[in-house]
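Down below are the structures I want you to see.
Okay, so subunit A shows up in both of these, paired with subunit B first and subunit C after.
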Partner chain A sequence: MTRSKARQTKKALVPWLFLLPAVVFLATFLLYPLLSALRISFSEYNFVYSEKPVFNGLTNYIELFQDRHFMISLKNTAYYTVVFFPLFILLALFLALLLNSKIRGINAFQAAILLPIVVPLSLAGVMFTWIFSQDFGILNHILANVLHLPHLQRFWLGDVETAMNALIAVGLWKYTGFGIILFLAGLKAIPVELYEAAKVDGVNGWQNLIYITLPNLKGSFSLVGIWGIIQAIKVYDQVVVMTNGGPGTATSVLYLYAWKNAFTFFNMGKGQAIAFFTAVLAIVISIVFQVLLRPEKG
Partner chain B sequence: MSRRARVVVALSVLLMMLSSLGAVSAQTLKVTAEAWYYNKYKLEEAAARFQEDHPGVEFEWSKAGDFEVAPLMLAWSRDRYVADIAIVASPSEAVAFQARGLLHDFEDVLVGKYAKENWLEGFLEQCTMDGKVYAIPTDAEVMTLVGRRDFAAEAGLTDADGYIIPPKDFDELYEYLQKLTVKDETGRTVRYGMTVNWSPEYMCYAYFSGIQAMRGTIYDDEGNLDFSSPEAVELLRFWQRGVDEGLISTSSLVEHSGPRNDMQSGLACILWEDHARVIEIGHVVGPENMQIVPIPGSEENGTVSYTMSLMIPTSAEHPELAKQFVLEQLNAEWFAHDLMDRWGKLLGLKEHVEAKMDDLIWKTVFQLADNSVGLPKTVDHAKMVDIMTAEIHNMLKMQQTPEETLARIREQIAPLNLEPLG
Partner chain C sequence: MRYLSSNQKLPRALLFLLGVLVSLIVLSPIIWIILTSFKDTKEIYAVPLTVWPRKFVWTNYLTVINGLPEFPIYFVNTVKATLGTLLLVLPLSAAAGYAMGRYDFPGKTAVNAFIIAVLAIPYLVFLVPIYIMEDILGLLDTNLGLILPYTALNLPLAILIMQNSYREIPSELEDSARIDGANAFQTWLLVMTPLVITGLAAVAIFTFVAVWEEYMFARTLMFSTSAHTLSVGLPSLQVESKTWAYGTLSAALALSLLPISVVFVVLRKYFIEGVLRGSVKG
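Let's look at the complex of A and B:
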């Protein structure tokens, strides 16, 4: 009886022992910093002038909504997300459908579309800064001298009206490739028999798309959507490299403002509060999206 | 004692001897600086020269990102040894370090050749708190205008010797810009009269250099930083009108190197930035085409200067050796003149500039530096700069008037701690 119990205990312990290194690693390098940061977000802590964090409850979070710069950053992040997200989904889907069809030279297209994935966003930011440059940029050069549309020339990154849209364009350039991969995986998983049966029934290409392809891509939509939302809300890299939030506050976004508070103003408490607010925002919107796209029962 | 035990004891003794030998000979100076500093400053040559005078000293270099002071602050505040010498962006950051008592002062070594009176006063003052010098100025700069003599000659703005005639006031400067600006048939500017560095790094220097030149002080009548005087309105109006009429480039709104690029490519004729650009741009467009032009009023009222700082943290392992290196090599004549010749940057000792007074550029820089003021060191300096940048950028994008801009700045900086420290 005792031996059997010991064996059972040992059997139950073995999986935990295998898990232990991963658990210890995650707890040390992920959970502890996360909880520590969460604690600081509820504290008054300027790490230059404060001796140690002093608990101040929800003050940092409440004060965010009285901070004009924070509200502008929230609005800018919302704009980025609202414009980026549908364009990202539509572009990724359209190009995935294109790449899934039998076109000559498809491999070259695939390589061209997927190439941005391997380019670091910071590097792409530098590249696009020059492309969008008012006086030296190739975009304005093409508009004026190739297309003969000089009136369309802009200071793309320096104009309040175009700066954020230029950043969105860079985000799309960078991330659409990954969306395409996810959609392509979904497209490949749709049974060919469905299309064959539809063909027998005389279904045309458009009906194929509406009644077979799109409904069967619900899982992919959910995955691509959540990924896209997270990328949009946590936008940071290209903003820092290309505009640093300017001109004025036209492209200031939440994570940039969190970084500024933490590492420029040394206000770690407020910086962490913005970071957690942003993370919770991304999680909530992702859950809502997930619920909306949940497959119907029965 | 067994044979094995004797071997173990012998090896232990050997190891102890070796480690103690290492401890005696290893005097490694750790230096940390922003990455660009290594490209412009001949640090390794300075180290080699120092090693000749101090055999056995080794150097270890580490690079930080631009304006990345926070990691240093965190490490030092926990008494971690990461550097013997740190070179950071501005004395306002040194203030932050000093506020936590993280810096050694230089009082004991500022004697003889290095006595305080031998330094450019404005720069050393910026590195001083409560009467003690906590950093040594390096990469010191004076805010001024830098002009293209060739373009000015085309516009008839030069004297008989081909030098740009300094404008008497801002109205005359505006007329200069109108004459220097070139537009194409569609009305698009193809050459700007001026480019101003309004990036966050330069915003407050550009603004307060204008205020100092106009008023002779950067403070208002109540002793606060001036965001309310008629001169402040006039300065912002000058900038806004210049941008609106296509006379002033706005390239710096998103790129802090924009104005330098404008000048090097011939896209702009006058730069409002620091004096060092006169040398740097001269390397590209020809030194004979470059000239320093004082901001109107600055010859009488002065301008704003700023400096990076060499600091020695209290967590340094070799603070005395670090001080020796800072003074003997990083303030040596060869080091100073190399920097001046290649990059136009100043160190703090007067003698280095005085040795070059035959050159009109350095003569003008010396006069401006001697008559310049530093910005006050305050707890919330970075927040103030952030607010100024956002509001003045909005004004330059024609979203608000100069008066509204100043009112918004005043409103937002009201809760900040801008009391001068030390």
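Let's look at the complex of A and C:
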């Protein structure tokens, strides 16, 4: 009796031995920080002046909504998301359809079109800062001297009207490849028989797209959509590099404002509250999205 | 596009042209940086701009290599962070993934739930406590101070990928290894792990790219030039120094994009595999 119990304990021990090193890392650098972060978000805690976090309940969260700069950052993040999201989906879908065709050179096209995925976003920011530059930027040069539309020239990153759109363009350049990969997998999973049957019925190309391809991509739309929305809500890298929130507060976004609160003003409590607010926002939106696009059963 | 029937010659040619055009548009920022890196300073700031360099010069690359001590430092720091993280993530995720994929044990559901949950949480949430912790432990501004959190942040997805890889192996192989007298450790390392190389490759390239480009943690936890990585160092040089002409900067950019682009083009298949297996990640 005891021996078999001992053997059972030993048997349960084996998987835990395999897990242990990973669990130590997860506990130290994710679980503990998560709990600690929660505590800090409910505390008054200035890293420079405060000895340690002092519990102040929901104060940090309530104060956020009386903070004009926070509301602007929330609005800017919403704008970024609303513009980024449809463009991201359409571009990714269009390019996935292109890369799913059996044309010559498809491997080279795939490598080229997906390459921005591995370009660090901060370095993409440096590249695009130069491209958007007022005097020596290639974009203004093309507008003025190639397309002969000099009135369209802008101080792209210094103009309240255009700065955010420029950041969105960089985000799209970097991230569309991920959407393409997810859509491509969805396209490859559609049974060829569906198209063959349609061919017998004399269905043309566009009807194929609308009646077979798109309805069968529902799962991919859900994945790509959630992924895109989360990337938009946590936009940060290129904003720091290209505008750092400016001009004025025109491109201040939630992540940037959270970071500045925590590491420029050392108001850790407030920074952490914004971080949690953003995280909850991202999670709630992705759950809603998932429910809306859930494939019908049966 | 599969919905176009195969005997349409004209659309095929059009699609090919479209492919060329889109590829050029996507690559144009990189092409522009490379062209700029071969121009001399006078040409870079010429009005009107020239697109194709009048004369190709290597000066900018020589400046980066000889006259810019920061660049090799950033490069080495990035390589150290990347390799250090890989050396930890690969064995840890293989071991944990094996336990999660092949065993039933008390606590498994909790571990699984935690892994899925942290995948949905944006990194920023963890940053403040990790900063405070590293401040106490004296890890700020050290290579280890990046490698440890990077390992933790990349582990959940890596474990998930490895868990699925191990689960797909038929159990006969494991059983026969046991009958031959192999212990659990030997079975894992010598019998099972050689069968999940594709999964490991996906984890490796995914982690490689994630670490190589990480910006927020690297910017916050490392503040001196000697500890910066490429993704933080190059943008900061652009801001800080007036002597930094764009010629030098574009050469530095081209050099820092080269290794990751080569890795990507060669191992693209595994990266795509990693994206697909990990697409639950937010």
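Just so it is clear, the second predicted complex is superposed on the first by the 274 of 298 C-alpha atoms of A that agree within 3 Å, B and C clash if a C-alpha of one lies under 4 Å from a C-alpha of the other, contacts with A are read in each partner's own complex, and residues count from 1 in each chain.
By definition in this document, a contact is a pair of C-beta atoms (placed from the backbone, for glycine too) under 8 Å apart; a residue touches a chain by one contact, two chains touch by 3 or more.
Please read all numbers here as calculations on a predicted model, not as lab measurements.
Chemist: Quick check for you: in the superposed arrangement, does A:Phe155 touch first (subunit B), second (subunit C), both or neither?
Modeler: first
Chemist: Once chain A of both complexes is superposed, is A:Phe136 in touch with subunit B (first), subunit C (second), both, or neither?
Modeler: In the superposition, A:Phe136 contacts both subunit B and subunit C.
Chemist: Applying the touch criterion given at the start, work out whether A:Phe25 contacts subunit B, subunit C, both or neither, answering first, second, both or neither.
Modeler: A:Phe25 contacts subunit C only, not subunit B.
Chemist: If you count the residues of subunit A that each partner touches, which comes out higher, subunit B or subunit C?
Modeler: Subunit A has more residues touched by C than by the other partner.
Chemist: In the overlay, answer first, second, both or neither for which of subunit B and subunit C A:Val48 touches.
Modeler: Touch status of A:Val48: first partner only.
Chemist: One more residue to check, A:Gln66. First (subunit B), second (subunit C), both or neither?
Modeler: neither
Chemist: A:Phe263 contacts which: subunit B (first), subunit C (second), both, neither?
Modeler: both
Chemist: Starting from the residues of subunit A touching subunit B, keep only those that also touch subunit C in the other complex, and list them.
Modeler: 47, 129, 135-136, 262-263
Chemist: Quick check: in the complex, which residue numbers of subunit A touch subunit C?
Modeler: Residues 12, 14-16, 18-19, 21-23, 25-26, 28-34, 36-37, 40, 47, 95, 97-98, 100-106, 108-131, 135-136, 138, 141, 144-145, 173, 178, 181-182, 185, 187, 190, 192, 195, 199, 205-206, 208-209, 212-213, 223, 226-227, 230, 233-234, 236-237, 240-241, 255, 258-259, 262-263, 268, 271-272, 275-276, 278-279, 282-283, 286 of subunit A touch subunit C in their complex.
Chemist: Residue numbers of subunit A touching subunit B in their complex, please.
Modeler: By the definition above, subunit A touches subunit B via 47-49, 68-69, 129, 134-136, 150-151, 153, 155, 157-160, 163, 242-244, 246-250, 252, 260, 262-266.
Chemist: Which subunit B residues qualify as touching subunit A in the complex?
Modeler: Against subunit A, subunit B makes touches at 67-68, 70, 73-74, 77, 96, 99-100, 186, 188, 200, 249-251, 253-255, 261-262, 265, 267, 379-380, 382-383, 386, 389-391, 393-394, 396-397, 399, 412.
Chemist: Going by the contact rule set out above, which residues of subunit C touch subunit A in the complex?
Modeler: Residues 1-6, 12, 15-16, 18-20, 22-23, 26-27, 29-30, 32-33, 36, 44-45, 47-49, 51, 88, 91-93, 95-96, 98-100, 103, 105-108, 111, 114-115, 118, 120-122, 124-133, 148-149, 151-153, 155-156, 159, 184, 188, 209, 212-213, 215-216, 219-220, 230-232, 234-235, 238, 246, 249-250, 253, 256-257, 260-261, 263-265, 268, 271-272, 275-276, 279, 282 of subunit C touch subunit A in their complex.
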